[in-house]
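Chain lettering (A, B and C) follows the sequence in which the chains are written, and residue indices restart at 1 in each chain.
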Amino acid sequence: MANRGKPAYVGKMAGRHFLNTNDFSQREISDILRAARDLREKFRRGRPTNYLPGKTLFMLFYNRSLRTRNSFEAGIYQLGGHAHFLSPSDVYTPTLPEDMIPYQTESIADVSRVLSRYGDAVAIRIYGDAAKWHIGRGHKVIREFARWSSIPVLNMEDDIYHPFQALADMMAITDVAPKPQGKKFVVSYAYSGGLKPLAVPQSCILIGTQFGMDVVLAHPPGFELEDHVIEACRRNVEQYGGSFTITNNMREAFEGADFVYPKAWSPKKFFPPYNSAVDKEGAARYQDGFKDWICTPELMDLTNRGRYMHCGPADRGQEVVDEVIDNDRYSLYFQQAENRLHVQKAVMSMVMVRGR
Amino acid sequence: MANRGKPAYVGKMAGRHFLNTNDFSQREISDILRAARDLREKFRRGRPTNYLPGKTLFMLFYNRSLRTRNSFEAGIYQLGGHAHFLSPSDVYTPTLPEDMIPYQTESIADVSRVLSRYGDAVAIRIYGDAAKWHIGRGHKVIREFARWSSIPVLNMEDDIYHPFQALADMMAITDVAPKPQGKKFVVSYAYSGGLKPLAVPQSCILIGTQFGMDVVLAHPPGFELEDHVIEACRRNVEQYGGSFTITNNMREAFEGADFVYPKAWSPKKFFPPYNSAVDKEGAARYQDGFKDWICTPELMDLTNRGRYMHCGPADRGQEVVDEVIDNDRYSLYFQQAENRLHVQKAVMSMVMVRGR
Amino acid sequence: MANRGKPAYVGKMAGRHFLNTNDFSQREISDILRAARDLREKFRRGRPTNYLPGKTLFMLFYNRSLRTRNSFEAGIYQLGGHAHFLSPSDVYTPTLPEDMIPYQTESIADVSRVLSRYGDAVAIRIYGDAAKWHIGRGHKVIREFARWSSIPVLNMEDDIYHPFQALADMMAITDVAPKPQGKKFVVSYAYSGGLKPLAVPQSCILIGTQFGMDVVLAHPPGFELEDHVIEACRRNVEQYGGSFTITNNMREAFEGADFVYPKAWSPKKFFPPYNSAVDKEGAARYQDGFKDWICTPELMDLTNRGRYMHCGPADRGQEVVDEVIDNDRYSLYFQQAENRLHVQKAVMSMVMVRGR
């Protein structure tokens, strides 16, 4: 079908999965952000964007969600399509071969092939308890869906990557700094008593290095991110310029920063495959030694009039104080949340078109 | 944007919250009912009413629901829009500052501001267990949403008000009596073994007095409604005429009535802030003393060929016998339920329009 | 309203319930399949099929589902309508008079009458635990909905019939054999450790005999289907030709078969009304004696280049081995699943039209 009256980006990446920003080139990510800005402008002006009429998005949530669920469901609707909200308990839980429970689960291979015949994309969120806290198992589930699916699979956050959040973040950064190259972007650990996956910080440093920023990863000892992600960041620096450094000092990291992203994650050494068993208590106890990793106005004053970022929901009083997150001088918090809508609409517009 | 081809009521109360009928003037409520009749007529004729294309309604249900959920979801769809059905367990439960539980809840302030960026209205139901049986806490949750929201907040029933039910009820009344002034409207306690909020009787007496009816509130001792609502009714009488009286005698109340609304609620003196603790057992035990407050054909015969009303679901055999509720000569039960659809579509059409 | 620009089948069976294929004539079923093929062709070409604009489908799932839920929700959307996904815990569970629990349930009579005023069809799934394993109770629930509903009721699988699956199956059969008369269709028990309703095999033998096929029902002793269904099959043979035989030998049944449908069900003699109590353990123990009833390539080689069929989800390693179900030479498995979408869209297009 011709693409009459639709922007050129509709269908531009037809049929592709979106699992990790680093699977795409800087140019492709820039195309997505440009499409997102077009869609944001049209949303604000109340212009129709009926680019995916009749298209169905299956959303499979193994974890709860506010931003992701509502931005995807509203987003596909604003594009003229429709989303199904599926919780695993409503279906026979789609499961990896090694985890099958007779009469309660169904193989991902079968679920993925069936859904491919009814609609146009499958979006999945799975991490933490839903992925048994075996780091990489959530991502493996999503890869298994993608292996069998003949329609695009979209990663709504797994235990390694959160690619749509990274897109929303880079959109917020480039709203402030249209040329982000050479800007200092600090992705820092911040304390929370809760157990959190590695997905957000890992996707943040990946997209920062992909755009030639001076990326600084700050965390206490024991909070190292995964080696394969660190290596991908170093390869990004080689390809795109900028720099990538790691420090154990939050204060030093914040000095002169243009953007700071203080966010909790849990130390991987307490979880498989980095540990022989899942040790939630050990992780929580270890984390509790770092309650001073909190983002305050004093820390913000060390930056280069830097902007505060967080994917939400932030643990107020632990990761950050209200005086930072609710202060428009610092905070991009609500803009990041809003951008989720626009970047997701951009990717859906680009991939959810096919000849059947 | 111009409102081409749309009725004049679309956008007439753009951006307003709808939390309590008494926040609106009699003239405004009449405008809503007129719009509801227009929408009902078009619904029955199968005419399109595509007045809110691209608009998203977030429905947040802390309590279960048949009529409310289905009438809102079908209603926004019939207007060309789309609803998200959100149960608190699907999101991080939006919570008042004093009730936050780390990693399980998110502040209403944040949820409300995020949703404001994705869609066009937030509808909320919260009472009973979900509001911890502290009377007024559910309404406080809704007020907190409204405080932070830049899009309209709609009260789908809290522990003080059920304004859309009251609209549906007044629509049913004015179908029968186009000029309700001076008609006798009896809002009476009726027995149920279940624990029920005060919202329906309170919103009933408010809208009855707002339309100049002769409103009689009948209940056993101990079932007093809240003082601030009683006072608002007295002010309505001053402003709009009619009368407002309270009696402890169901039989006397029914005599000569044009409309009777026998409906259970639970005695407030067993719940905070009217009691130091939540005493469900005490309330249930106290209620059980009033099993003779049941609507029968014998009682209906005392009325002025009066009509039976109930918001549904009625507890058959406790609040009312089948011979009344299923008898078309008496009962407005299914018409009230249907009117929910029309009045909600009216209010949504009037408030869910904005320049972004 | 005129049916301008819409195919002639839209509204052709306006207002009818769809509870059992055998309530319809062979000619009517053929009309449905013809409509389904038209809709499948348009779906594959990406053509719009906006035949039910503004129509609302209420889907009430007492049981979990992948294919049924997603194919109905995507299907009504592709027709321009909208589905509500309702789980009984979200509403006050609609319940038969004898099963009412105060304050948790609402009578089906009331729920059905209320929904009739908001939308255009009610689809229901109920069997197994949700129907208390009293065979026929699920079907009774659906009949009770139909009794009170003024809009079409659609059976999404109960404990006696699964009519939409049977339609999808006959569509798959007639894709391979446009004239199915005289083709050998084997509906066979196959082992599963799970407890399964009788609905699929019963609807299979009903539609097979309705199309004049040589239907062979194969099962071990104790797995007899219900007498009233067997009798209906014999009446179908009298009316439509073909044959209907029952055997206890899976191997003999497969010889020369054109289509085989090996599928688990549970022996009815362990459940009311065929037993005085629900005896799940007894049923499971009895089933476990028949693990050799499994569909293998060796069995498939006995057929007349026969095709493997299953409604899904198949219990791999119990009912069938991967070498059969995943082999395109044998398997119609994914085509059957896809056909669910098309036949359901056909029936909805035909029945969900009314003058209000």
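Methods note: a contact is a pair of C-beta atoms (placed from the backbone, for glycine too) under 8 Å apart; a residue touches a chain by one contact, two chains touch by 3 or more.
Source: prediction; values computed, not measured.
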item	value
Copies chain C and chain B - interface residue numbers shared by over half, same or different	different
For chain A placed onto chain B, the superposition rotation in degrees, Cα atoms, nearest 5	120
Intercentroid distance (Cα basis), chain C paired with chain B, Å	40
Set of chain B residues in contact with two or more other chains	82, 85
Interface residues, chain A side, partner chain B - complex	43-46, 48, 61, 64-67, 69-71, 73-74, 77-78, 82, 85, 87, 192-195, 312-316, 318, 334, 337-338, 341
Chain A to chain C touching residues, read off their complex	1, 53-54, 56, 58, 82, 84-86, 89-92, 102-103, 106-107, 110-111, 113-115, 117-119, 355-356
